[in-house]
Structures are given as structure tokens and as C-alpha cells.
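Down below are the structures I want you to see.
What follows is chain A paired twice: with chain B in the first complex and chain C in the second.
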Partner chain A sequence: MAIIVKDLCYTYNEKTPFATKALKNVTVTIDEGEFVCVVGHTGSGKSTFIQHLNGLIRLQSGQLAVDGIDLCVKKPDFMALRGKIGMVFQYPEYQLFADTVFEDVAFGPRNMGLKDAEVKSRVFHAIERVGLNYGLYAEKSPFELSGGEKRRVAIAGVIAMEPRILVLDEPTAGLDPLGKNEILNLIEDIRKTVAPTVLMVNHDMNEVAEHATKVMVFCDGEMTEYLPPKDLFRKADYLTSIGLDLPTITKFASKLKESGVDIGDCLTVEQAYDRIIRLHLKDR
Partner chain B sequence: MDKDKPIISFDNVFFGYSSAEDEQFYYAVHDATFDIYEGEFVAVVGKNGSGKSTIAKLMNAILEPSDEGGSVTVFGIDTKKGNKYEVRKRVGMVFQNPDNSMVASIVEDDIAFGPENLGLEREEIVSRVDNAISLLGIENLRTRTPHKLSGGQKQKIAIAGILALKPDVLVLDESTAMLDPQGRKEVIQTLIKLNKQEKITIVLITHFMEEVLFADRVLVVNQGSVKLVGTPKDIFLNCDKLIEYGLTIPRLIELESKLRQSGLDVTQGENNVELLAKEVAAVLSDRFET
Partner chain C sequence: MKDIAFGQYYPIDSFVHRLDARTKLLITILFMVSVFFADSFFLYLFILLALVLMVAFSKISFIRILGTMKPIIVLAIITTVLNFFLTEGEGEPLFKWWIFELYIEGIFVGVKMLLRLIFLVMGASILTLTTTPVALTDAVEWLFYPLSYLRVPVRELALIMSIALKFIPNLVEEAQRIIKAQKARGANFESGGLIKRAKAFIPILIPLLVSSFRRADELALAMDARCYGYTAKRTKMKKLTFRSRDLLAGIVITLIFGSMIALRYCSGVIINGETLAELCPWIYYGSM
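What follows is the complex of A and B.
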């Protein structure tokens, strides 16, 4: 089990007039190998939740264990935790700071106390893994890169630490459509090679439908659902009532059903296409 | 939209951020030519770094074309030679991150900030603020603190602040990028209302191909110039070009074109869930009957 959460509660500005309950009794078990998309309206608690996972927010009440590391004890092993969980924040390109791409990516592995040769090898592999050519990019200044390239460098810095769990807060926001696809494909690739478990905060239900194995829904600080996307998207009325949308293809499939043709639960263009064509050929 | 009345015209515009002597010099806007007409809703799309924000800044005279770099004319004013102040009054701009533009500690003061700076009479300011607040339907936020609002609420306040300046054109640079689906829908609905009811010309820069469908016309920007212009339908029928320019097509249109290629008779370029469902159902049930 990658992550175990029980009755997690969190209040900002506790015991002041400005207290905000941001998490209410969140309970969930996330298995290794899941690609979890975290969705919910603005202010629903998504960022507060994921910042608990790498100890950025200290536990107030409830239980939390990440890949065997217990965070309820008095002195949690934060060093070990940060080696296991890689965190990519929103607009991570704003956090690039070094003179060269190499130095930026090397920062994490160096901090882990690795030997120079090991650092160098990890940086090389991380840069290549995110689809940048090491020879071309290692010595460039991160500030001369395009938005999409900067984001790749930021992700390389995180995977160079070889985390088992990768957590990303809206990794595709502000990218152009192809840039979005590239980053999502990259995350799929990282999942197959470095970090089998991924959590991604995302507002785009089309992307959620195409990539998630499980969807975690937050509403007003509560985690209301944790289930596979095809089950979630059957609850159209519920999703609309909490300000979330359905994927385009799911909407299409349900309209088609109203018109008398049932192609089942569909999440992607390919699924819808295959099923329609199958019916089309069968009728003939 | 009145095709005889271009209110913003770019004529062979060039713009570079560094000086031409610089070794790394290049034009961020490279020979851009296009018109924006009175009362239309225009969407601007293009990949990262293609020049959209630079073009937006040229529209309201924050930037001006390079020497010998063509001209931008806004309501008859050449932005290089004419009154920039007048241009900015008529073309209002909402930037990507509203946090940076919030100045006051309560919402209504924030919205009043612009009109106050225009040196208007107190009564006029109050009436403009009231009007902007009611157009956006944010009466409930009047006395709240801007910093403690959600992203979608902040975005509406930023739009209200610009509206209170009574611009003829509203330019929005990726103003929905950080919103949740509901917030995005609300902002888009507001823009449609401003366009239809208040006759404000809208220029919407966006990375969401789905938002493009609300526009009368779409400008596709690549390498600093406008490469394609047309209705959303025209644009989406040009899949190959869109992909060449680093864009994608909406999922439904992808499905439409795959189905067509397999011989199903469905209309192309519509991106309409209900229409496509009806057409597919019709094709399949025809087969049942024959």
C-alpha cells in the first residue's frame, strides 16, 4: 500500500477567528501503481491534502503513512519521506533558480548526499527522461527556455531523486494543447519506469478520463469519492451539483443513449469510435 | 460584427523585445496583419511563445511596433504617434494573474480604483462601480477582501475593474487558465453577456480549444504572425494546419472526422454533442430498418 490516510483533519489558523476547516475526516487507502487524479472545486482542499504527503503541512489530527513511513509519530523521518515522494508544485518553473539546467536538476540528488558520479548519472537520465537532449540543454540557463521546457526541467529535478510516488499540482495549467499532451505522456512514461504511483491535481475532466485509474473527489474539505473514472462519470448529477464537469466523450455517449443507441461507458475518443464502428458493421 | 468597421488594425507589424544589434535578436511579432471588427467576439490561439501576449500588449499601446515595423491603428489612432492614453481607455486588458492587479482591501474600492484614476466625479464613479458589479453578478462580494476570494471570484473582480473604465474592447490574456470548470464557465458566460448585451468587443486569448467555439472568429498565431483566420468551424476543419502550429482539435471533432473517414455520414466541424449523437443514432437506426 502506497499511502494510508485515516480521519485526516486540518484547520488553517486554528484557534483564531479566521480558522478555516480545510480537511474534514479524509480516509483513503491508495495502492501502489494507481494513477490518481485529484479533482474538486476551487478551495475544496486538494492542495492542502497533497501537501500533507511530503510533510510540508504537519499533521494536526488523524493518521497518515506514506510507503511505510508513519507520519503520526513524534519525529517522523522526513529525510526518508522526501526521498520517496516527489512533489511538483503549481507553476514549478517559477522555482527554477540555478545558472544551468544541470545544476538545477542536480540540487535534489546532491541534497540527498549522493556521490558526484551518481548525481551526474541521475541528472543525465532525468533530463533525457523528460525528453530533453542532455548535450543541448545541460549547460543552458533555465531562464532562456520556453514555458513547456522549463516545466520539463522542473519535473526532471524531481525524478532525479527517484521517488516511488510522484505528486503533481496542476502540471498542465497554462501549457498549450500539445504541451499538455507531452507532459501527460511524460507522466505516463515516468509511471512505467521510475514512480509507479502518481497523484495529479487536475481540473480538466477530459484529461482525467484519459489517464486516471482512480479519481479522488474533494468537496468543501471532504473527500467524497475515490473510485475508477468510469464509475465516477456515471454520477453526472452529483458531479454537476458540486461544480464539476463531465468529459466530452462521456456526455456524448449519454446523449447517444437518449437517442436509443447504447455504447456503454466511454471515456476516450478511441473507445467511442470503436464501439460505434462495431455497431455499424454488425448492422450491415 | 460590422465588417466595414475595423476598430483595431495591424498592418505588417514587427516587434522585438531586445535591440536589433543583440546577437540573439528575433521578432516576437513577425509581420502580423489582421483586423478586429466592432462588436465581434474573437478568440486568439497559438502555442506557448507564439506571440499572443505580445500582440495583446500591442493592441492597447503598452507596446508599440519597432521602427519601420508597420503600424497598429486603434479607433483611428496610430499607437506610435497618437494618444496612448486614449487607446488604453478604449481597449481594456485583463491579465493572466489577477492577484497582481488587486490593489485595495475591499472589493468595491478595488473596482473603483481605475475610474478614480480617470479623475471622474464621485457620482459617476459610484454609478460605474454599481453597474460593473451588477453586470458580473457579484453583489455578494462587494465588501469582501479580494485576496481571500477564490480564483474565479478574483477573476470576475479583475474584469469588473476594467469594465468600470467603460472600454469598447476587452482583451483577456488567458484569464481562465487557473479556474476550475465552474469558474471557467461563469467567466465565459459573463463575456458572452458583455458581448451580446453591452456590445463590447471581446478578444479572448486561450489555450482551451473548447472555449474557441464561443467566438465569431478565431485567429491562429504562430511564430509571431496570424497564420489562419476564420470561424471556429473553418479552423477546426483545418486539422493538419492546427497540428502543425502546435494546437489540437477538440475531442468531439476528432471523433466526427474519424467516423466520417469510416464512411458514416455525420456533419464535420460542429463540435456539438447533441447533433453528433442524433446523427450517429440516425445512421445506426437506418441500418436496422433496411
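What follows is the complex of A and C.
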């Protein structure tokens, strides 16, 4: 079991007029190997939840254990934790700072206290893994790259620490469709090679339907659902009631059903295509 | 990290919050001037009285206001110690060690300077804690309006000030975000020597600078798009208005500081053949 959360509560600015309850009694167990998509309306507590996972937000109440590291103790081993769980923030390109791409990607591994040779090999692999050519990019300044390239470099900076769990906060925000796809494929690739467990905050239900093995739904600080996407998208009314959308193809399938053509629940275009073709052939 | 936002507007409702920003600005200025006039311990009581009134009617906890002292604690300690040992006095030193000599005068000067510093910071914090940046800017603009006849660009300066004030919380938020991101990559800001720690801030400062420039650019563009500066006169969304409570607050504060300053300059007044200073020496105890 990769992540165990029990009765997690969190209030920002406790005991001031600014106090906001951001998390209320979140309880969940995330198994290794899951691709979890975290969804919920704006301000529902998604970012607050995921920042708990690597100790960036200190536990106020509840229990939390990540890959065997207990975060309830007085002084958790943050260094070990941050090597195990990599966190890519929203707009990660805004945190680039070094003179060269190499130095920026090397920041994490160096902080882990690795030897120079090891750092070098990790940086090389990380840069190549995010689809950039090491020879071309390593010595460039991160500030002269395009937005999409910057984001890759930022992700490389996290992967270079070789975390077992990768957490991403809206990694596709502000990218064009092609860029989005590339980042998502990149994440799938990372999942197969470095980090088997992935948590991703995402607003695009099409992407959720396509990639998630489990979906975590947040609403007003509560985690209301944790289930596979095909089960979640059956609850169309519930999702709409908390301000969430359905994948386009699922809406398409239910529209078809209304007009008497039942192709079942569909999550991806491929599924819908197969079933429609099958129906079509059967009719003939 | 939250301390960067010291003295940030604290949104509750109170008498002081509802006062006109101009009143508060004038009172704060009067307060600061008076702090420099007060030179004996008795006269400091007047300042303290005004401060206590201001705190009580702002409904902000005393602890919170004292908390705004945090960033200058080091400065306060250094000034006090320097005053203690660098003030030469008459008579025997109370304490002597190597080249350090402590005179009673040094203690007086040190304590008074410390009090002055505390009062000044607290007075200023009450102003910023109870006044929104926008209202404060309008008040400053009003105060310096006469200068515009001398072709000083008062409005523009006020706008610069309000933008600066408005961007402080944004900057703090951004800094926190970047700190978190670098911490997630194992950055360590807490351990190591001075140079190592200073170096640890580079990964925060550079992204912060970059994003500040980006924001400034975007803001300039947005202002341009809305034709800022194309019309001679800008109107205000929230007009400041003086009310009776402003008069009340003004009178009370003026009375307190007026009597304090009057007392200070009346030391030579002769009552029944004796000067006030001789009659009531406690009023002037500690002044030099």
C-alpha cells in the first residue's frame, strides 16, 4: 500500500478571521501501481491534500503514511520522504532558476547528496525521458525555452530524484492539445519505468477517463468518492450536482441511448468506436 | 514565512476600521511626531494612553500588533545595547568591563529609544492593519495633493504606492509557492552555515524576480489596454468621507498629544514663584 490516509483535516490560518477549512476527514488508501486522478471544483481542497503527501503542509489532525514513512511522528524523515514522492506543482516552469537545464535538473539529486557521477547519469536519463535531447538542451538556459519545453525540464527535475510516487498538480494546464497529449504520454511512460504510482490533479474529464485507474473526487474539503472511472461516470447526476463534467464520449453515449441506440457506458473514443461498429455490423 | 506580510490589512469591523483613512493617516503622523517630542518617562505615558486607546478601539489583539515587531527585533536589540554602552554620562559608571562603561544616562537613552521604536512600529501597524491599501493610498494622495500645484505627479506616485502595497500579498504567496516547490526537490533552508543558507535562497529569489517582472509586464499591458493616462481626471470608486466619529477621534487624540507637548514646553512656567520643573520634577524625570 503506497499511501494510507485516515481522518485527515486541515484548516488554513487557524484561529484568525481568515480561517478556511480546506480538508475534512479525508480517509483513503491508495495502492501501489494506481494512476489516481484527483478531481473537484475550484477550492475543493485538491492541492491542499496532495501537499500533505510529501510533508509540505504539516499534519494538523489525522493520520498519514506514505510508502512506509509515518508522517504523524514529531520529526518525520522529510529527506527520505521527498526522495520517494516527487511533486510537480501547477505551472512548474515558474520555479526554474539555474543557469543551465543541467543545473536545474541536478538540483534535486544534489540535494539528496548523491555523488557527481550518479547525479550526471540521473540528469541525463531524466532529460531524455521527458523527450528532450540531452546534447541539445543540457547547456541551454531554461529561460530561453518554450513554455512546453520548460515544463518538461521542470518535470525532469522531479523525475531525476527517481521517486516511487509521482504527484502532479494540473500538469497540462495552459498547454495546447498537442502539448497536453505529450505531457500525458510522458506521465504514462514515467509510470511504466520510474514511478509506478501516480496522482494527478486534473480538470479535463476526457483525460481522466483515458488515463485514470481510480478517481478521487473532492467536494468542499471532503473526499466523496474513490473509485474506478467507469463506476464514477455512471453517477452522472451526482457529478453535475457538484459542478463536474462528464467525458465528451460518455455524454455522447448517453445521448445515443436516449434515442434508443444503446452502446453501453463508454470512457474512450476507441470503446465507443468498437461498440458502434459492432452494432452497425450486427444490423447488417 | 507568513511574517513577510506583517501589518497586512486585518479585515474585521471596529471603530478604528471605520474611521476615514485620512483621519487615521493624520492621527498616525501626529502620533509619530509626538513620539519624538516625548522625552521623559511621564510624557511617554501620554503616548501609551493614545496607543492603548487605538488598540482597544481597533479590536485587534495586542499580541498581534506586538507581533508586527518581529522583523525588527534584532534592530531593536542592537540599538538598545549600543545606546546603553555608547552614551557617556556624568558621575561614576554603574558598571565597567574592558572598554564598556554603563552610565545611568545610557540606560535612560537606551530604554527611551527602545520605547520610541516600539511605539513607532506599533502606531504604523495599527494604521496598516485597519486600513485597506486602496483607502490608504487615497489618503496619501489627498495629503500630498497640494504638491500637484508644483507639478509633482501626486496621482502617479499614489498609484505606484498602491500597486506596491497590493503586490505584497501576491509576492508573499508566490514566494511560498516557490519555497514549497524547491522544498519538494529537497532544498534545505534551515541548516548549514551563513553562506550556505544565503545560497539556498537563490532558487527562490530568481524565480521570484522572474515572476515579478512578468507580473509587472502584464499589469502595464492591462493598464494600457484600459487607457490608463489618456484622460486627465480619474474618478474614484470609493470616495472618502469625514464623519462625526472622525471629528471625535481627532479631538481626543489632539487633546492627549496637545497636553503632552504643552507640558513639555511649560517646564519654565512659574507657579507661586517656582518653575513647574521644580514643583513637579517627576514630570521631567529621565529627560535630558
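Methods note: the second predicted complex is superposed on the first by the 284 of 284 C-alpha atoms of A that agree within 3 Å, B and C clash if a C-alpha of one lies under 4 Å from a C-alpha of the other, contacts with A are read in each partner's own complex, and residues count from 1 in each chain.
In the analysis below, a contact is a pair of C-beta atoms (placed from the backbone, for glycine too) under 8 Å apart; a residue touches a chain by one contact, two chains touch by 3 or more.
All values reported here derive from a predicted model rather than from experimental measurement.
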Which of chain B and chain C A:G157 touches, first, second, both or neither: second
First, second, both or neither for A:L256, with chain B first and chain C second: first
Touched partner set for A:G174, first chain B, second chain C, both or neither: first
Partner, of chain C and chain B, that touches more residues belonging to chain A: B
Chain B versus chain C as contact partner of A:I277, first or second or both or neither: first
Partner chain in contact with A:G147 - chain B first, chain C second, else both or neither: first
Touching both chain C and chain B, counted on chain A across the two superposed complexes: none
Residue ranges of chain B in contact with chain A within the complex: 46-50, 96, 150-152, 174, 177-183, 185, 207, 209-210, 243, 246-248, 250-252, 254-255, 258-259, 262, 264, 273-274, 276-278, 280-281, 283-285, 287-288
Touching residues on chain C, where the partner in the complex is chain A: 10-12, 177-178, 180-188, 202-204, 206-207, 210-211
Residues on chain A engaged by chain B in the complex (per definition of touch): 40-43, 146-148, 170, 173-181, 203, 205-206, 243-245, 248-249, 251-252, 255-256, 258-261, 269, 272-273, 276-277, 279-280, 283-284
Touching residues on chain A, where the partner in the complex is chain C: 17, 51, 54, 56, 79, 82-83, 86-87, 89, 92, 94-98, 107-108, 111-112, 143, 157-158, 161
